[in-house]
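Quick notes on the structure that follows.
Letters A, B, C and D mark the chains as written, and numbering starts fresh at 1 in each.
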Amino acid sequence: MDVIGLTPIIPILFAFALPLTSILIKGNRKLIQAYALTGTGLTLVSSFKLFQLAYASENPLVYTFGKWIAPIGIVYEVDKLSALIALITAALMFLIAIYSYRYLEHDEGLEWYYTLYLGLESGLLGVLLTGDAFNLFVMIEVTSIAAYALVMFYRDRGDSVTAGFKYGLIGAIGTTMYFIALGILYGAFGTVNFAHLAMKIHLPAASFIKVSSGYVTLDVLLKAEPTWNIILASGVALALATWAFLIKAAIVPNHFWLPEAHPAAPSPISAILSGLVVNVGVYAMIRFLYTVYSDVSGELAHVVNVLSAVVIALGAVSALFGAFMMTIQKDVKRLIAYSTIMHMGYLFMAVGVGSSLGLQAAVFHLINHAVAKALLFLAAGIFIHAVGSRNVENLAGLGRKMPIATFSLAIATLSLVGVPPFNVFFSKLALFNALIEENFGLALVLVISSAIALFAYMKVFYIIWFGKPRKEIEVKEPMSMSLVVLVLALTCLAIGLLAPVILDKFIAPAAEQTVNYQVYIKAILELASKTLS
Amino acid sequence: MKKLIPITIIILIIFGLAYVMSGKIEPQENVRALGKFYLENSYFGDYSAKSPEVVTAILWDYRGVDTLFETSVFFLAIIGSLTLFRLNKKQEKEAKERIEKVEELTLVIKTVTKVIVAMILAVSASIALHGHLTPGGGFQGGSALAVAPLLIIAAYSKYALEKQGLDKTRALILRSIGLIGIALIALLPLTKGGFIMQNQPIFPWLGGSLIFYNFFEYLAVGAGFTAVFLLLAIPEKVFKKILGVGE
Amino acid sequence: MIAFIWSVIILTLIATIMISLYGISRRPNLVKKLIALTIFGDTANLLVVLLGYRLIYPVAPPILPSLSKEALQTFVKTAVDPLPQALVITAVVIGMAVNVLIAFAIVQIHRLYGTVDTRELSKKLIQVEGGEQ
Amino acid sequence: MRGVISTAILAFITYIIFTGSAKPYDLFTGLIVAVGVGILVGKFLVREDSKALNPLRWIWAVIYFLKYMLIIEVKTHLDVMKRVITGKYNAGIVRVPINVKTDYAKTLVANSITNTPGTVVVDLDDKYLYVNWIDVTTEDPEACRREISEEFEKFAEKIFE
């Protein structure tokens, strides 16, 4: 069971030791690369093990740090959803680490890059695994601070430093908001553990749970009544927390940092930021809306409904806004960044719907988007690396010289706009089904924005493939980068072809378990009574 | 005068709202169940961290993972700053050379600084090593420790500090050692069949593992701040030259 | 009366939060933005510390005064809630770390552009827009 | 290993006073910390061990401390109080030669002067102190020295030189 607790600890341990190691090996780039690959590789193995465990087990897995049961200490509570996203995260981080080496061949500071990179991975995994709302705050901060620093990696370029500054400032506001929300949650419910919070919220309806462990102190903890008016407190806390998550996921009107921050970073980092880091906001939102506040009744339900409506509306605006902005971009990476805003809009729309179908669609789309968006940034990165410019015009005609990269770029764009048989098509289909159940207009938003996005992508693709080269440059396809991209492209295709199976085998059980707050609470309680008896 | 009006309005609103609110809220007189658990169990009780300082017990034992990752946030912030201000080997050498005569402060300040530095080291160590008994702890002690190099940089110069062997690289090594120490203490219980960051009964004496955490945190934070101060003390001219930005 | 003072304190903190948010969004100077951000973070911390406070007399800090069982009884009756304090210590360190990084970014911006004013910065940024890598 | 012992003593005393208790744990950790501090910074603080550990000098330091706090301070305070009430003052900056050689002695003299009300050292160089004096009776450096700093120097010499 240690693998649950160790998964985020492995990368952070590697990050702790990297500055020292790099001094010892005198900054040898190859050794640093090997070190980083070991770190991310071990994490991948660990999260794969975690994935297997989570899918083999009926209940969510619980790991008690320091042997303290919830709510006394921090627990990691891993359900299928967390394990699935964690696996995708670790796999992408490993692949991108391979890619990074060639991409950064002209830059100094590889050891700093990888220290931050491993820290970022640790933060992302911690966000997914934790079962404690305050620990979630800490892990979001780990993720964010590494992301801020990585955005500023090209420290001699004014735009990236300014973008990093903006990102940091907005991010800090967001996380502080979330911290206040946590203070209110603790004030009202007397706990910051997700399962325990869910229990307190469902207390009237949760008589099914045997709140008795035979141990007096724990019983007192579990039975303690909320001290404040929980409706008001939940409303304020959820509003603040949602604001924070909207910032993290770059939903309009909190999106403005993203189109500057994501392009300014090195392309592999752009891939991680767009593919994985923004998911933090979505995941946290899912945790709150679907696990903690699922199936609430009475006035609480009213609060949650209002919140869902706001989330849906903002999501729809983001989707349209992102799509329109895509069409007028000259900078390839900026275009892809706006596409991220669009997809985050889809995800929030689906999350806001609140049905099991919506959650399934959201989870599936989250994974597909992570893979496809990472692929798109990486494929574009190969061209940018070759030319040294992000302007679309300068990339003209390169396509024919780099067949693998172009092939992958094609798959990525086709996939992202939703052309069958690639992966995003199926998640968009699921999204469409979920949205049309709620409201026809929402489904229309999905279709229209996809169509606009298709137009924007095709323009880029046309230029890269058929455009006249500005000047002749000798380009050779960098193999290590191209192979990573090819692997991801094939993954896109494979997920697309196997979509029904994947939906059935992995996504549906994950969504089902996430919504089932009773199991979520039970896992904690059972472990508590087992540990104490 | 222009600022006075909004301030008056704000104050009036606050007092008005407070008047309305004060009838509705009841002042909080009890601790919550969880807080009470910590108060009762931190030293006595079956579920104890063996520390009379309840906040430190929560920080490094009950909710130890938070603190572990909080430390890594600080670590990543420092690494991020180093990334922003990174220098290659040649540039680092350049930064270590004095480009012009540095004005040092007067003799009195320099002499007093020497004595005070010794006292700061003792005081900060006391804060860190008594973190499990009295308020304070690794972070607070480390912050106090970092005042010593700061004073030296102010009274002498950063070059004086580097000449005595405390440069950015060394500070970073110290920081790494501190962090690895923390991580190892956290992982040690695994070898005895315990859980990550477990304290009792694997470290059975007073304060248990808290002392070690505090000590390593003290080292790490002190060294981390020192690295930041050293970076900030590099003259602006050197950086502008490295970045290729004109005056 | 106590309730009134209590409400005044809480409302003042909320007002401070509002003012600091105004400062972050409206001040053109980056350093002032950072200062407003630190005010925002510190006010949030203070707010959370207040949650653990007890409006009783006497009230004690959460440190066991002596290592005896007798002391424990009165201690539990008078001590404030330790958990918000622990959370705030964590948040303080994190906030400081973020501020350090942002401060470094501002220094770097000043080195690159020679200004920390957003209005001038945006002018200079437009010139390099669509920039080369 | 110059200066380790004396610095360690300083650090140890600071540690115990700051901690405010002297249980075995405090003494033990204090000892370790003190030795560590001594090894780290001792060589910068102390030039000659035999001087620093000479008990006679310590006794002189204690005598000086008592005399300074109980007599000199009281005297100058009364003087300044009188001036505050009567309004009779004639402030100005005078140059005062300084005869002690070592850094510590100079610092002690300068700080002693500053700490007594009525006189503030504004700057110093190798040979002179520049003192802002509340009642400039003379501008002759030697006379100033007699008025302001002679007593301090006498002790400073005994303690540090």
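Methods note: contacts are C-beta pairs under 8 Å (C-beta built on N, C-alpha and C of every residue); 3 or more make two chains touch, one makes a residue touch a chain.
Everything quoted here is computed from the prediction, not taken from an experiment.
Counting C-beta pairs in contact across A-C and across A-B shows that the higher total falls to A-B. As a whole-number value, the distance joining the C-alpha centres of subunit A and subunit B reads 30 Å.
With centres taken as mean Cα positions, subunit D sits 41 Å from subunit C. Averaged Cα coordinates give subunit A a centre that lies 62 Å from the centre of subunit D.
The multi-chain contact residues of subunit C, meaning those touching 2 or more other chains, are 83, 90, 94, 97-98, 101, 105, 108, 112. Touching two or more other chains at once are residues 134, 138, 141, 145, 148-149, 152, 155-156, 161, 186 of subunit A.
In subunit D, no residue touches at least two other chains. By the definition of touch given earlier, these chain pairs are in contact: A-B, A-C, B-C, B-D.
Those residues of subunit D that touch subunit B in the shared complex are 7, 10-12, 14-15, 18-19, 25-26, 29-30, 33-34, 36-37, 40-41, 44-45, 103-104, 106-107, 110-111, 121, 123-124. Only residues 17, 21, 24, 30, 33-34, 37, 40-41, 44-45, 47-48, 51, 83-84, 87, 90-91, 94-95, 97-99, 101-102, 105-106, 108-109, 112-113, 121, 124-125, 128, 130-133 of subunit C touch subunit A when the two sit together in their complex. Interface residues of subunit A facing subunit B in the complex, by the touch rule stated above, are 2, 5-6, 9, 12-13, 15-17, 19-20, 23, 27, 63-68, 71-74, 108-109, 112-113, 115-116, 119, 122-123, 126, 134-135, 138-139, 141-142, 145-146, 148-149, 152-153, 155-156, 161, 186, 190-191, 217, 220-221, 224, 227. Of all residues in subunit B, only 106-108, 110-112, 114-115, 117-119, 121-123, 125-126, 129-130, 164, 206 touch subunit D in the complex they form.
Subunit A makes touch with subunit C in their complex at residues 134, 137-138, 141, 144-145, 148-149, 152, 155-159, 161-162, 164-165, 168-169, 171-173, 175-176, 179-180, 182-183, 186-187, 192, 330-331, 384, 388-391.
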